[in-house]
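By letter and in written order, the chains are A, B, C and D; residue numbering begins at 1 in each of them.
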Amino acid sequence: MDLAWFLLLAPLAASIAILLNLHRKPNYAIGASVGSASVCFLTALAVATGAVKAPTPFEWISVPGLTVDIGMILDPLSKGMLLVVTGVGLLVHIFSIGYMAHDPSRGRFFGGLSIFMFSMTGIVLADNLIMLFLFWEGVGLSSYLLIGFWYEKESAAQAANKAFVCNRIADFGFMLGIITFWWIMGTVSVDPQILGQCYAKASMPQFSSTLQEWGAAQTLILHPGGISAHSAELVTLMVVALFCGCIGKSAMFPLHVWLPDAMEGPTPVSALIHAATMVAAGVYMLCRIYPILALSQAGMFLIACTGCFTAIFAALIAVQQNDIKRILAYSTLSQLGYMVMAVGCGGPDAAMFHLTTHAFFKALLFLAAGSVIHALHEEQDIWKMGGLWNKIPLTFWTFAIGMIALSGVPPFAGFFSKDYILTVAYTYGHGFYWVGVVTAFLTAFYMTRLVAVAFFGPPRTDAAKHPHESPPVMTVPLVILAVLSVIGGWGVYEFGIQSYYHNWSLDVLRDDGISYQAPAEISSAVPSGFVFFGILLSAFLYVNTASDPLNIPVLARKFYIDEFYDNVLVVLQQICANIVAWFDSWILEGLILRGAAYLSAGLGELLRLFQTGSLQTYAYIFTLGGGILIYITLFAH
Amino acid sequence: MDITLNHYLAVAAVLFVIGLMGVIVRRNLIIIYMSLEMMLQAANLTLVAFSRFNHHIDGQIFVFFVITVAAAEVAVGLALIVALYRLRQTTQVQDLTTLKF
Amino acid sequence: MLSSAYVPYLAPEMLLTVWAMLLLLADAFLSLTPRAMAALSLAGILSATLLTLGFNTTPLLYWGGLCSWDGAAKFYHVFFLAVAALVTWMADDVQKPVRSGASEFIILPLFTTAGLMLLSSANDFMLLFVALELVTISFYILVAYQRRSVIALEAGVKYLILGALSSAFLVMGVAYIFGLTGTTLFTSTTPGVDSIANHFHNDFPVGVAFGLLLVLTGIGFKIAMVPFHSWAPDVYEGAPNSITAFLSVGSKAGGLIMLIRVVLGVFDHSTAAAIWIPALSIGAILSLILGNLAAIPQRNLKRLLGYSSIGHSGFILVAIIAASATLTGTAYTQSPNDLTGQVAVAAYLVTYLLATFTAFIVLAVLERRLPGLEIHHLAGLSQRSPLLAAAFALSLISMAGVPPMSGFIAKFYVVLVAWNKGLYTLLGFTIFAAVAALYYYLGPIKTMYWSEPLDEAPIRVERTTRHVLVILMILLVLTGFWAQSISILVHNAVIGKGVPAASAVAVNKEPRRKQRGIADSE
Amino acid sequence: MNSLSPLLLLLLAPLAAMVAIVMKAPAQRTAAIAAALNLVLSIGLLFLYHAAQGGYDFVMDCPWAILPGLPPIHFHLGVDGISLPLVFLTAIVSFAAVVVSPGNIRRAPEYFCYLLLMSLGAMGAFISLDLFFFYIFHEFALIPTFLLIGIWGGQNRQFASFQITLYLMTGSLILLAGLLALVMAMPPDARSFDITTLQTYLSTHPLSLASQSVIFPLLLIGFGILVGLFPFHSWAPPGYASAPPAAAMMHAGVLKKFAIYGLIRVAIPMLHDGFEQWKYVLLILLLGNFIYAGFVTLAQKELPTMLGFSSIMHMGYLFLGLVTWNVIGLTGVVILMVAHGLSAALLFGLSGEITHRSGENRFTELGGLAKPAPLLAVLFSFASMASMGVPGLANFAGEVMVFFGSFSAKLIPFAAVAIYGTVITAIFQLRAIKTIFYGPIPARYQPQSGAAAGEATGMTDLNTLVEYVPFVLLTVASLIIGFMPFLLLHIVEPSVSLLPFLK
C-alpha cells in the first residue's frame, strides 16, 4: 500500500476508534488523536520532500459517463497546503491537550479533531471535485460537531446548526457548479494537466462584459436544456456556482454569519478550523480550479468584488466588537475576503501566500486568545480584561507578534503577503487596491484596539487581576507559531513561500494577459503608512480607556444582517411552511380526502334511510324502481 | 263491438295495477295478500288471452301451473300470517318495523 | 319429443325430491334423531352429487327441450349441492337451537336445492317459474322457521310479500313474452320447433322488451339487485344464519343462472341487448353504490353482510354484462379456455360461497355465545377465540377482494372481463365500490383485533366446527394463491345456447352469427 | 431452468418461522432467526451474483397456473442487479425491525407473524419476475400493516390505519387496472405475465402511442399512491406517525420502494412512449414532493410526522432519477433506494425509541437527551446525516448520481430544486437533532436515582446488545455503502445498462 494513504487513514482510524470505544477513556483518545496528527504531519513532510509519491487512485463511482476516483494530487499547491494543515493541526492538537484538560468529554473533542484532520487532508489531496465535495462536507460535519461541542448550551447548538445550514446553502451552489463542470468538461477531475488542457481549448470562450452574460443567464433559466453544453453563459454560471462553495466554506458575504457564531466552540477549534485551515479551504478550492475560473471574466469580477466587499465589511464590524474571539473571527472574515479578492484579481499565488501566513498568525492569535481565556477562567469580553501584559507575558508577547503580523507591519509575515495581494489588486483595478488599503488600516486599528484594551490599562475585573500563565503544553505551540508568524513571509532569492507559490502559478497558468498578469511594480509605502496610522490612532484612542470612545451601533450590531436573517428570512420561511402545512392538513387531507370519506359514509347513512322497515315502502320502492327502470330503458334513450 | 286481444290485455293490465296499488297502499297483510293474488290472476288472464288469440295451448297450461303454485304459496303465506297473528295479535304491516335501516 | 335417453340428467333433482319426501315420511313414522336425519340428508346430497359428477358436459336439450344440459348446468348443480351440504351440516351442527327438534329445518333445504338445480337447467319459462317457486316457497318457511321470534316472522312475511310481488311481475313478463312469441321455450335443438330464440333478430317489439324487463324485475329480486333489493337486509338479519347463508349464496346463484339463461341464452342479440344491457348496467351501478355505501354505517353484522351482498350482486352483474356477445372486445385466445363473463360469474360465486359460509358459520357459533351480533360484541374476539376471529377476518378480507385471498381472484376476473369489453364506466364504479367495501369490512376486523374484550372468557368451538372452519380457511387462501384451482372448477360453467341438433357436439365457443344464420334461413 | 433457486429460501424462511410461531415457538427469537437467515443469505447472494454481466441470476421458473382469459402465470423467481440490492435492503430492515420490537410486546406471536408477513411480501415482490406474483406479494403487506398500526399503534391509530389501508388499496386497484391494461393491450398472441418476456417484446414492439398514453398514467398513479407521490401522499405521515416503529421501518424503508422498483421494472421500460409523454407531469409532481412536502416538513411539530413528511419529500430524488432514464440517474436511484431504506428505517426505529423512552414526541417538550442517552444521540445523528445526504453515508452516493444523471438529461432546473432539497432536509433534520438532543436537559429526563420514582421516567439509553445492534447494523450498512459505493455499483450498473430505451 502506498504510504500516502496514511494521510487519510491515520486520522480516520483514530476517529473510528474514538467513536467506538475510546471516547470513554479520554487519555487514550488524546493519544490516538495526537498520534494520528503526528503521523499525518510526518507523512506530509515526507510527501513534501518528494519521498512519497501519489498513490494509485481507485474507482469510487464508475458508471458509463461518470467516473469518480479516490486519488491524490501531489503538486506544489497541495503539498504546501498539506504542510500548513497538518502542521498547524498538530500544534493545535498539542495545545488542546492542555486547554481541554479539565473537560470530561475531551475524548469526544479529540474525536472531532481527528474527523477534521481526515476530512481536511482529503480536501487538500482530492484529485477531483466529487472527492473534494465528500471531504468538504466532512469538514463541515466536524465543524458542526465541534461548534456544538458544549451542546447543553443553547447558543452552541444554535451556532452549530447555523454553520451547517449556511454551508449547505452554499454547497447547493457548489454541487450545481460541480455538475455543470462535469457537464462541460466531461470529467470531474481537477488534475492540473487535465484542467490545463481544457483551459487551452480554443473552443473555450472568454468574456469581458458582465451585462451581456447576465442576459444569457436569463436565457438559460427560462429555457432549460435549450443551450449547448459549451456555451459561454454556462461557463460563467459554472464559475459562479463553484464560487458558491467558497462563499459558504470561507464565509463570504452574504453567508458570513455562521463564522462569528462558530466561536461558540472551544477555542482550539476556532484556531484550527475557523481561522487557519477549514475556512481557507474555500480559497484553496478556488486556487485548485483557478484555470477554470479564469475562463470567465465576469465570474472573476464577481469573485473579486465579493472578496473585496467582505474584506472591508468584516473589518468595519470588527472595529466595534467586544468579544475577543469575535473580533478575531471578523478579522478572519476580512482576511479571507482579501484572499478571495486576490483570486478574483488574478493572483492565486498571492491568495495562497496569504493563506499560509494567515494560518500561522491567526492560529497563533486564536491560541493565544485561548490562553488568555483560559487564564481568566472563560472570560471573553475584552472590556473585562486589562493589564494582562505583564502577568501572562508569554501569552502577551506571542499575541502581540500575531497582532503585528496580522496588521501587516514589516517585516512580519503578514506584511509580505498582504502587500503582494495589494499589488495584484492594483494590477487588476485601482478600486480594489484602495479598498484593500483601507481594510489594512482598519485591521491595524481594530487589532491594536484589541491589544490595548485587553492587555493594557488597569485590570477591570477580579479575574483579570489574578490570571495564571498557561502550562508549557499550551505555550510551546504558541511560540512555534509566533516564530512562523515572524519569518513566514521572508524570502531569500528563490527560496520562500511567495516564490514557491509564484512558481506554481507560472506552471499552471498561461500568461495571456487575461487570466494572469504580471503584477505591477508599486511601492509598499502607502499601505504601510496606513497601517502605522491605524496603529497609532487606535493606540491613542484605546490605551487606558475604561469604555469605548467610539460608539457606532450599526457596526456593533453587524449591520443588522443577523437580525435580518432571523427576523425576516427565517420567519418568512416558517410562515410559508405553516401555510403549506395548513393547506396539506386541512385542504388536501382534510377537505379532499376526509371529505371524500365522509361523503361516502354520509351517503351511506342517507341510503340506508330508504330501508324504513315498512313493507309498503319496500313494495313502493320495488314498483317505483321497476317502473323507472322500464321507463329509462324503453323510452328514455 | 268486437272484443279484441287488446281489450283483454287492458283488463288484465288494469287488474294488475289495482293489485299493485293494493299491495302498496293497503295495510292489512290479508288484503295485501289478496291483492297479490289479483296480480297473479291478471297475469293469468293475459296468458289465457294470448293463448286464445294466438292459438297456442301452452299459455293455458302455464295458467294451471300458476294457479297451483299460487295455491301452495297461499298455503305457506297464510300459515305465516297466522303465526304472526298468534305472536303479535296483529296483521297490520305498520307493526312490522322491527327490522329497519 | 320426450326422449327417455336424456332422463338421467334429471336424476339428481328427482333423487333429492324423492329422498326428501321419504325423509319427511320417515320423520312422521320413525323417531329419528335430528343428527341421523342430517346424516341421511347429507347421504342424499352426496349421492346426487356423485350422480351429477358422472355426467359429461356436452351441451344438449332434453325432456322435449324443457331442460338443457351443459357445463353451466353441471357446475351449478354441483354448486347448489355443495351449498346444500353446508346448509344441512350447519343446520345440524351449529344451528341446534333453531332446529329445536323438528326435522323440516333439515329436510326443506333438499327441496330448495332440487328447485335450484332445476332452475339451473330450465330451458322453458314454465319450468323456470315452477322451479323458482319451489325455491321461493321453501325459503318462506325456512326464513320464518323460528316462529316464536318476532324478527324471524317479520322477515318471513316481508320475504313472502315481496317474493310474491316479484313472482307476479315475473309471470306477467312471461305472459307478454309468450303472447308475442307464441312459446315459452328458450331455445330449441330442432329448427322446426318454435322457441323464443328463433324470434326477433331484426326487430324487437316493445311488448317483448316490456316482458323482458318484467322478467328481469323478478330475477332482480332473487339476486337482490337495486331497486329490488329492499328485502335483503331485513331478511338477512331475521333469518337463521344457515338460511341467510343459503339465501345469500344459493338463492343468489339461482337468480344468476336464471339471468344468464334468459339474457345470455335467449336475448343476447343486438336489438334485445340494447334493452337489457342498460337496465342491468343501471342495476349494477346502483347495487354497487347502495350496497357498499349503505353497509358502511351498519352495526349489525348480518345486516352488514346483507348490504354487502347487494354490493356483490353489483360486481357479478358487471361480469354478466361483460358476457354479452354483442359487446365486442379483445379477449385473450391463447389460453385453453376463454375467459368469459360467465366463467367470471361462476368464479365469483365459488369464492363468495367460501367466504360467506365461513362468515355465517362463525356468526352461528357466536350467536349462542355473545349477547348479540352487533359489531361491538366482537370486541377482543381474537383473544377469546383466535380461530373464529381469524376465520371471520379471512372471510371478510376475501369478500373485500384483497390479494391473495380467493375473493381477489374473483374481482380480478370481473375487472378483466369488464376491461376486455371496454366497460370503463362500470369499472370505475367497481374500483370505487371495492375501496368502500374494504372500509366496512375492516370495521369488524378492527373490533375483533384491537378492542379490549368485554368478557375475557374464551369461546370454545366444537371439534367438527373447528375442522370445517379450518378447511374453509385453507380453501380461502389456497384458491386465491393457487388461482388455477378455481379456474379448474369453473372453466366449463358456460351455457351451451342454441346448439343445433345437427351438430350437437358443440362447443360453447360456437360463433353467434352462425346460429343466427341458421335461424334466419328458416 | 427449473432447478430450485436459493431465492426460494428467502420466502420459505419467514414462512417457516410463521408456522413455527403459530405452533407456539418463542415468537421474537424465531422471527429473528428467520430474518437473520435471510440477511445472511441475501449478503451471500450479493457476492454470488454474476455481477459483471448483469441480467437475471438465480432464476427459477415453474408454471403456476393457467387462468381463463389470461396468459399463463409462472412462479418465476430471479434477481438482477436492480432487485438484488433491494432484497438485501428487505432482509436487513426486516431483521432490524424484528429485533427492535420489544420482546414483551403484548400478543407477541401475532405481532411477529404480521411483521414476517410484511417482510415476506416485500421480499416476494422484489424477486418475482411474474407480474401476477409481483403484484400479489406486495399486497401481502396490506392487511398486516393495518393490523400492526391498529393493534400496536400509537395515538390516532384508528384513523391512521384506516386511511393508510384504504388509500393504499385504492392505489393497488388502480395499479392492478394498469397492469391488466398493459397486458391486455398487447396483441393476443404476445401477451404474457412474464416480466422478462414483456420487456423483450415491448422494447421491440411498443404499444401504440394512444394506449401507452392511457395506460402509463394508470400505472403512474397506482405506483405513485403506493410511494407517496405528491399529491397522493396524505396516507404516509399519519400512518407512519401512528405505526409501531417496526412497522414504520418496514413500510417506509422497504415497502415503499416497491413502487419505484415497479416503475423501473415495469412502467417505464414497457411503456416508454407513454412515459415520454407523461414525464413532464411527473416532473411537476416531483417538484411538489420537494417543495411542497419540504415546506410541510419544516412546519411539523412532532418527530414522527416530520419523519413521515421527510420520507415523502425524499421520494422526489427517486422520481427525478427515474425521469432521467439514463444509466447514471438510474444507478443512482437504485443506490438511493437502498440508502433511503436504511436511513428511513433507522430514523423511524430511533424515533420509536425516543418516543418510547422519553414518553414524548413533540419537539417543544423534548430536549437535552444527548446527556442521558448519548448512543441514541449518536445514532440519530448518523441517521439524520444520512438523510441529509452527508458524504460517507449511503444516501450521498445515490443522490449525487441522481443529480449528475438529471444534468445529463438536461433537467437542470429540477436538479437545482433537488439539490436545494438537501438544504431543506438539513434545516429540519438539524433542527430535530438540536431540539431533541441538545440544549439543557428537562428535569424529568434526569436519570433517576431511586427506583421508586413512580411515573417520572428517567430517560434511558440503548443499553443492551439487543437494543442497539439493529441500529448499529443499519448504520454500518449505510456507512459501508457510503464509503464504498463501488461495492454496490458493480452489481447495479451492468443490470441498469441492460434496461431498454436508455438515453
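Just so we're on the same page, a contact is a pair of C-beta atoms (placed from the backbone, for glycine too) under 8 Å apart; a residue touches a chain by one contact, two chains touch by 3 or more.
Predicted model, so just to flag it, every value in this text is computed and none were measured.
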{"item": "Chain centroid nearest the full-protein CA centroid", "value": "D"}
{"item": "Chain pair showing more contacts of the two, A-B and B-C", "value": "B-C"}
{"item": "Longest centre-to-centre distance from chain C, chain (CA-based)", "value": "A"}
{"item": "Centroid spacing, where centroids are CA-atom means, of chain A and chain B in whole angstrom", "value": "95"}
{"item": "Between chain B and chain C, centroid-to-centroid distance (C-alpha), Å", "value": "26"}
{"item": "Chain C-chain D separation of Cα centroids, rounded to whole Å", "value": "43"}
{"item": "Mean-CA-position distance for chain D and chain B (Å)", "value": "65"}
{"item": "Junction residues of chain A - those touching two or more other chains", "value": "597, 608, 611, 613, 615, 619"}
{"item": "Shared-contact residues (touching 2 or more other chains) in chain C", "value": "157-158, 161, 165, 233-234, 439"}
{"item": "Where chain B touches two or more other chains at once, by residue number", "value": "23, 32, 96, 98-100"}
{"item": "Those chain pairs that satisfy the touch definition", "value": "A-B, A-C, A-D, B-C, C-D"}
{"item": "Residue numbers on chain B that touch chain A, as the complex places them", "value": "20, 23-25, 27, 32, 93-94, 96-101"}
{"item": "Residues on chain D engaged by chain A in the complex (per definition of touch)", "value": "163, 166-167, 231, 234, 238, 292, 295-300, 326-328, 331, 368, 370-371, 378, 385, 388, 390-392, 396-397, 400-401, 403-404, 407-408, 410-413, 415-416, 419-420, 422-423, 426-427, 430-431, 434, 437-441, 484-486, 489, 493, 496-497"}
{"item": "Sites on chain A touched by chain C in the complex", "value": "597, 600-601, 603-605, 607-608, 610-611, 613, 615, 617-619, 621-622, 624-626, 628-630, 632-634, 637"}
{"item": "Footprint of chain D on chain A - complex, ascending", "value": "19, 58-66, 130, 133-135, 137-138, 141, 144, 148, 151-154, 156-158, 160-161, 164-165, 168-169, 171-172, 175-176, 179-180, 182-183, 220-221, 224-225, 573-574, 576-578, 580-581, 584, 588-589, 593, 597"}
{"item": "Residues of chain C that touch chain A when the two form their complex", "value": "157-158, 161-162, 165-166, 169, 206, 209-210, 213-214, 217, 221, 226-228, 230-231, 233-234, 275-276, 278-279, 282-283, 289-290, 292-298, 307, 436, 439"}
